[in-house]
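Labels for the chains are A, B, C, D, E and F, by order of writing; each one numbers its residues from 1.
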Amino acid sequence: MTVALSGDEIGGRLEEQFPGSVVETGLNSVLVRSESLVKIATFLKTASGLEFDYLSAITSVDYNDYFEVLYQLTSIKHNHSLVVKTRCHGRENPTLPSVVSLWRGADFQEREIYDLMGIRFDGHPNLKHIFLWEGFPGHPLRKDYE
Amino acid sequence: MAIRTEPFVINVGPQHPSTHGVFRMRVTLDGEVIVDMEPVLGYLHRGIEKLAEGRTYTQNIPFTDRLDYLASMTNNLAYAMAVEKLAGIAVPERAEYLRVIMSELQRIASHLVGVGSFLNDCGAFMTPFLYMFREREKILDLFEMVCGQRLTYNYIRIGGVSYDIPEEFLPALDKFVREMPGFIDEYDQLLAENEILLARAKGVGILPKELAINTSASGPVLRASGVKWDIRKADPYSVYDRFEFDIPTGSTGDCYDRYRLRIQEMRQSVRIIKQAAEQLPQGEVLTRVPLRLRPPAGEAYGHIEGPKGELGFYLVSDNSVTPYRFHVRAPTLINLTALRDMMIGWKVADAVIIFGSIDICLGEVDR
Amino acid sequence: MSIGLEHYLALSAILFSIGLYGALAKRNAIVILMSIEIMLNAVNIAMVAFSRYIVPLLLTGQVFAIFVMVVAAAEAAVGLAIIIAIYRSRETIDVTKVDLMKW
Amino acid sequence: MVGFNPDHGLFSYGLGALPPDWPGNYWLHWGLFVIIIIVFVLAMVMAFIYFERRGLGRLQVRLGPNRVGPFGILQPVADAIKILLKEDIVPAKGDKLVHWWAPVVAFAPALMIFAVIPFENGALLADLNIGILYIVAVSSVSVVGVFMAAWSCNNKFSLIGAMRTVAQIVSYEIPLGFSIIGVALIAGSLSMNEIVTSQNIPFILLQPLGFLIYFISACAEMNRTPFDLMEAESEIVDGYHIEYSGMKFAMFYLAEYVEALAISAIITTLFLSGWKGPLLPPFLWFLIKVVLIFFAIVWVRGTIPRIRVDQLMAFAWKCLLPLALINLFITGIEVIVLPQPLPWLIVFLNLAIMAILVLLWSKFFKLGGGRVEV
Amino acid sequence: MRFERYGIGIAKGMALTFKHLFRKPITTQYPEERLTVSRRARGNELIWDKELCVACTACARACPHGCIEMVTSKGADDKRIVDKFQLDTGRCIFCGLCVEACPKECLFIGCGYEKATYRRQELVLGKEDLLLSDRKQPSGYARPKVEATLPEQTMLLNRKQYLDRVKKWLD
Amino acid sequence: MAGLDIAFWTLAVIGVASALTVVLLRNVFRAALSLVLCFLAVAGIYVSLSADFLAAVQVLIYVGAISVLIILAIMLTRDVQRGSLSNKFRIPAFFVAILFLGAVGFAVCNTPWQIAGIAPQEPTTSALAGKLFGEGGFVLPLEITPVLLLAAILGAIILVREK
């Protein structure tokens, strides 16, 4: 059984390691500041006892005020999982750091989010449209898309 | 010694017999050797994620059928599990068993198509494909018995399955389970030891273990690389913890391993079906849920081991009748991430079989 | 007048002249090679014709024609290899542009 | 070869099957025979197309075409009508003239092979004393047709197909030729008719390895599975005839089957003692053997996957060619050392040699690998 | 990969295909031979029982595609009557949700499946086209009572018996 | 000998015409195709000279191998193909060719050929074999030709090989 790690516990560890990076912790999730996302992701991927080597999925949600991006992390070695969330504000040019350098599985998913939700990922090697054609107006998955 | 020639670009697809749908690869060739490859997707993009935001939870089930149309049952299952998690709905035990039977049958059917078309890409002129379709037809007959459709089932529902099985289903399933191992032996006899296939597929398109994990590959592609990771064992859902089965793994992660792995998984699926059919309890099959279900506000991620990999549904509810966000973690899209690394340096002919061995379904890749 | 040795020799001469013209006047290396092949063929015709009309039982001309073919095959292989090599280093197969005696 | 004087030419041996008191002059016989051969070939091709489609169907547990006519026997006719009514498309940036001539150039050599196939004792258009050489020479012309088709389409897939064609046909012609020479050595002649008459026991028994090599390289020559790389449907989408439709495609299609028929007939003649056989009339024996060989070809097509291009080349040069050379060497020694051949002894000897060689080569020969660092 | 097996793999495969030469083909020759659809088959048609319908429009609301159009009005003695009931089978995905939603069990999905037409508008079924007729067979999908009357699909168990039944059912 | 006449004239016209197209056409691929036609016509000429073995070998080597190589080279270099152009020596080359033709023609017409009136030897295959391998034949040159071919193949490989 995959153990869903407690968000509070991990959040505490992260806060200890990187003060001021964790915004809030949920049951199985940690909401972190987008600036410290890559740092935290690197830590989660490499820290002993955590070793989240497998990025199951990246999801973005449009909450009108902000966009939330979720990283479903799994450790194949320890068989536990954690959800890392981060938020970015602004509807014009929301930007988040890319985690492709850590998990290449994020490649297509970040492109998909860029394409459909319009969130830019800094540091993505090939951030292009993936499903829609070049020059497609708007981002269909946003709530205000008509 | 390599003789270098002028590189030229060809478009494999979107209309090409071996791209299994409308997939396009922009391949840069040096002679026959692939120097660069860029996948171009989106020809079948229908915006299901957006469409689903305007429909009730129940109405979305037919949409999930149309994601991976070769494995609709498991799509239904993953979605239903996500909604059940979101709304806290319990599923009757008989329904859980039926779900297991259906999803394992679906796994066999999907692998049959995957392996058949892989062998077709290798150039075996339709014979393995037709042999495998023969058995797939039987599975589709079974599905037709329980839900009346052969491709888009809409069978597994929120809170169970839509209807109990008819009385002729179990004998027919029993017969199928008895016959199937023999047919799998036949597939093995046909091409598993074929020298040409070994030469074509063995050592070709290797996906190393670390890369497989790093690119979030899942399902047979991950397991063929030697990672023993199967959500049915790692995070048992439904009643999978009650059955005995093995997780076959490959050793090198080449095309041949992926092909063999699918065949072995079919054997394991038959084993699971056999046990599930024996243990099948009596009782209700559907917890009644309101047609216009309003799950409490929140979010849920339900994932299962689909035939092609980890199929997950991420749902956000705002306590209305429609999901606020409906996200599909499409296994085949993510399995394609490593395609370029697997292809570079191989020949055009290998590109086709490497692509075939990943076994994608464009309905799911593009959504 | 029925067909005799002169006819064959005349045909051979015409083909040879055509090949000569092509070999001298063309700029494309491959076409020059083709012209050389025509010349070799013309020579072969002459030799076989001599053999047929002057020493019909000895077949020496045919033997020589076979040797010429061998030479032609070798020449084609090496010649085309040179053309490909030039193409690769110079991106051209125009013989007038290949005047630098350097690889 | 129009306008050749029959009195002293190559054709003076032919037409032995015609009765001596047949009315008319030589040219009439010749013309008649040509027409008979063409009709026979086309009829056989129709039959083969039907046979292949039905046979493949049965190998794949389905029925195959069975709608047009009784048992679907008119399916080739229906196909022909359909294909003739199709729109003829020439690519806009292609070379129109070459596009037109390519099917003709591909088709003619395949048909020309039948000039030297003995259907019965002496029943052949021209009993050339260089019969086999003629076949090898003529069949090498069909490459040009493929080339023309590929070039004129101005399509990258067809260009890849053409590149594969050169590599494949030029390479496989060599083991093909060498395996034929083994037969010619035993028969002591290059004439097809004499090869048949000299076969007291079928040469497949005396030349088992030669037969194997010939069969494999002939499959490659007529680009049948597992060597159908130049038109590999799942890779380069039918290669050189990608842009062909209508009548011109029909010509290619026909050429393919005529070639298959020709190869079957050549194998029959060279290795299966041609028209010879007890009880039944010779022509029937010939037909039976041809169909058997064709069935083997269909059977292989229905089972085996396609080989890759570098493996194809490796197979020709590292496996078939050395084996063919060794076979030729052994045959030469046998012909010299055993002037009065003891057939059955040689049969067992050669079978044993073949088994040893194949096993040895299985140990040595490596097929596979193939990644290139880029 | 070495050719270590001396071609045994190829020989095995060839033997298997040769064996299949003598097996019975699995083809069903469609227009003459027909397989019966399952009892729960969801075909390309919808059947409506006009008498039982209470015009609640549950079916129209259940449809994920919105291809059912139902316009109702209040008739005499406060009963709702159906003015317009229209199904666009060109857009219908035959999920059966409308049939399940019907509270009065007056909507059935049909078994028929040969509904190709030349014009798109012919795919739109109006009120009259949806009524039960002799040529339409309601399916047992979500209707256990109907299901009990239909022949079962036992192709997997006994092909011969099954085909006999098909014949009988067709006659 | 009417048949021979017709054959000769037909083949000669085809041969000369196709040879002319080889040097005159601008499209290199078509030029190569007419070269194939020229080779075939020459093979026909060999047949009319009752050199049947040679004819078959001509088709095999020239049509089956050399022209295929040439077409392959054309395909490989297709991105720099700008057609078969002439250089500045076109007119001098033309005069040289005419001059050569005249000289040879003069020689042909003014030489008293000693025509042997006997019929040619047929079939030629075994006679040629005797000539090549038999006593007083050309065994040594024949054995040298493989060396030449080997050298040519090695040279070709070394030339095109990547450094």
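Methods note: a contact is a pair of C-beta atoms (placed from the backbone, for glycine too) under 8 Å apart; a residue touches a chain by one contact, two chains touch by 3 or more.
Note that the coordinates shown come from a computational prediction; the quantities given were computed from them, not determined experimentally.
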item	value
Any chain in contact with subunit C as well as subunit D	F
Chains in simultaneous contact with subunit A and subunit E	B
Result of counting contacting C-beta pairs for C-F and B-E, higher pair	C-F
Chain centre separation (subunit B, subunit D; CA means) in Å	44
Cα-centroid distance, subunit D relative to subunit E, in whole angstrom	51
Approximate Å spacing (C-alpha centroids) for the pair subunit A, subunit B	25
Whole-Å gap separating subunit B and subunit F, where each centre is the average of the chain's CA atoms	62
Contacts with two or more other chains, residues of subunit E listed in rising order	1, 3, 5, 7, 10, 13, 16-17, 20, 26
For subunit A, residues contacting two or more additional chains	none
Overlap residues in subunit D, where contacts from two or more other chains coincide	59-62, 163, 302-304, 367-368
Residues of subunit D defined as touching subunit F within the complex	1-6, 8-10, 95, 97-98, 128-130, 133-134, 136-138, 140-141, 143-144, 147-148, 151, 159, 162-163, 166, 170, 173, 190
Of all residues in subunit D, those that touch subunit E in their complex	57-63, 66, 299-300, 302-304, 358-359, 361-363, 365-368
In the complex with subunit C, residue positions of subunit F that touch it	1, 4-5, 8, 12, 15-16, 19-20, 22-23, 28, 31-32, 35, 38-39, 42, 45-46, 48-51, 53-54, 57-58, 61-62, 65-66, 69-70, 72-74, 76-77, 80-81, 83-87, 89-90, 92-94, 96-98, 100-101, 104-105, 108-109, 113-116, 118-121, 124, 127-128, 131-132, 137-138, 141, 145, 148-149, 151-153, 155-157, 159-160
Of subunit B, residues touching subunit D in the complex	2, 8, 10, 16-18, 29-35, 119-127, 130-131, 134, 190-191, 194-200, 202-204, 344-350, 352
Subunit E residues within the subunit D interface of the complex	1-7, 10, 13-14, 16-18, 20-21, 23-27, 29
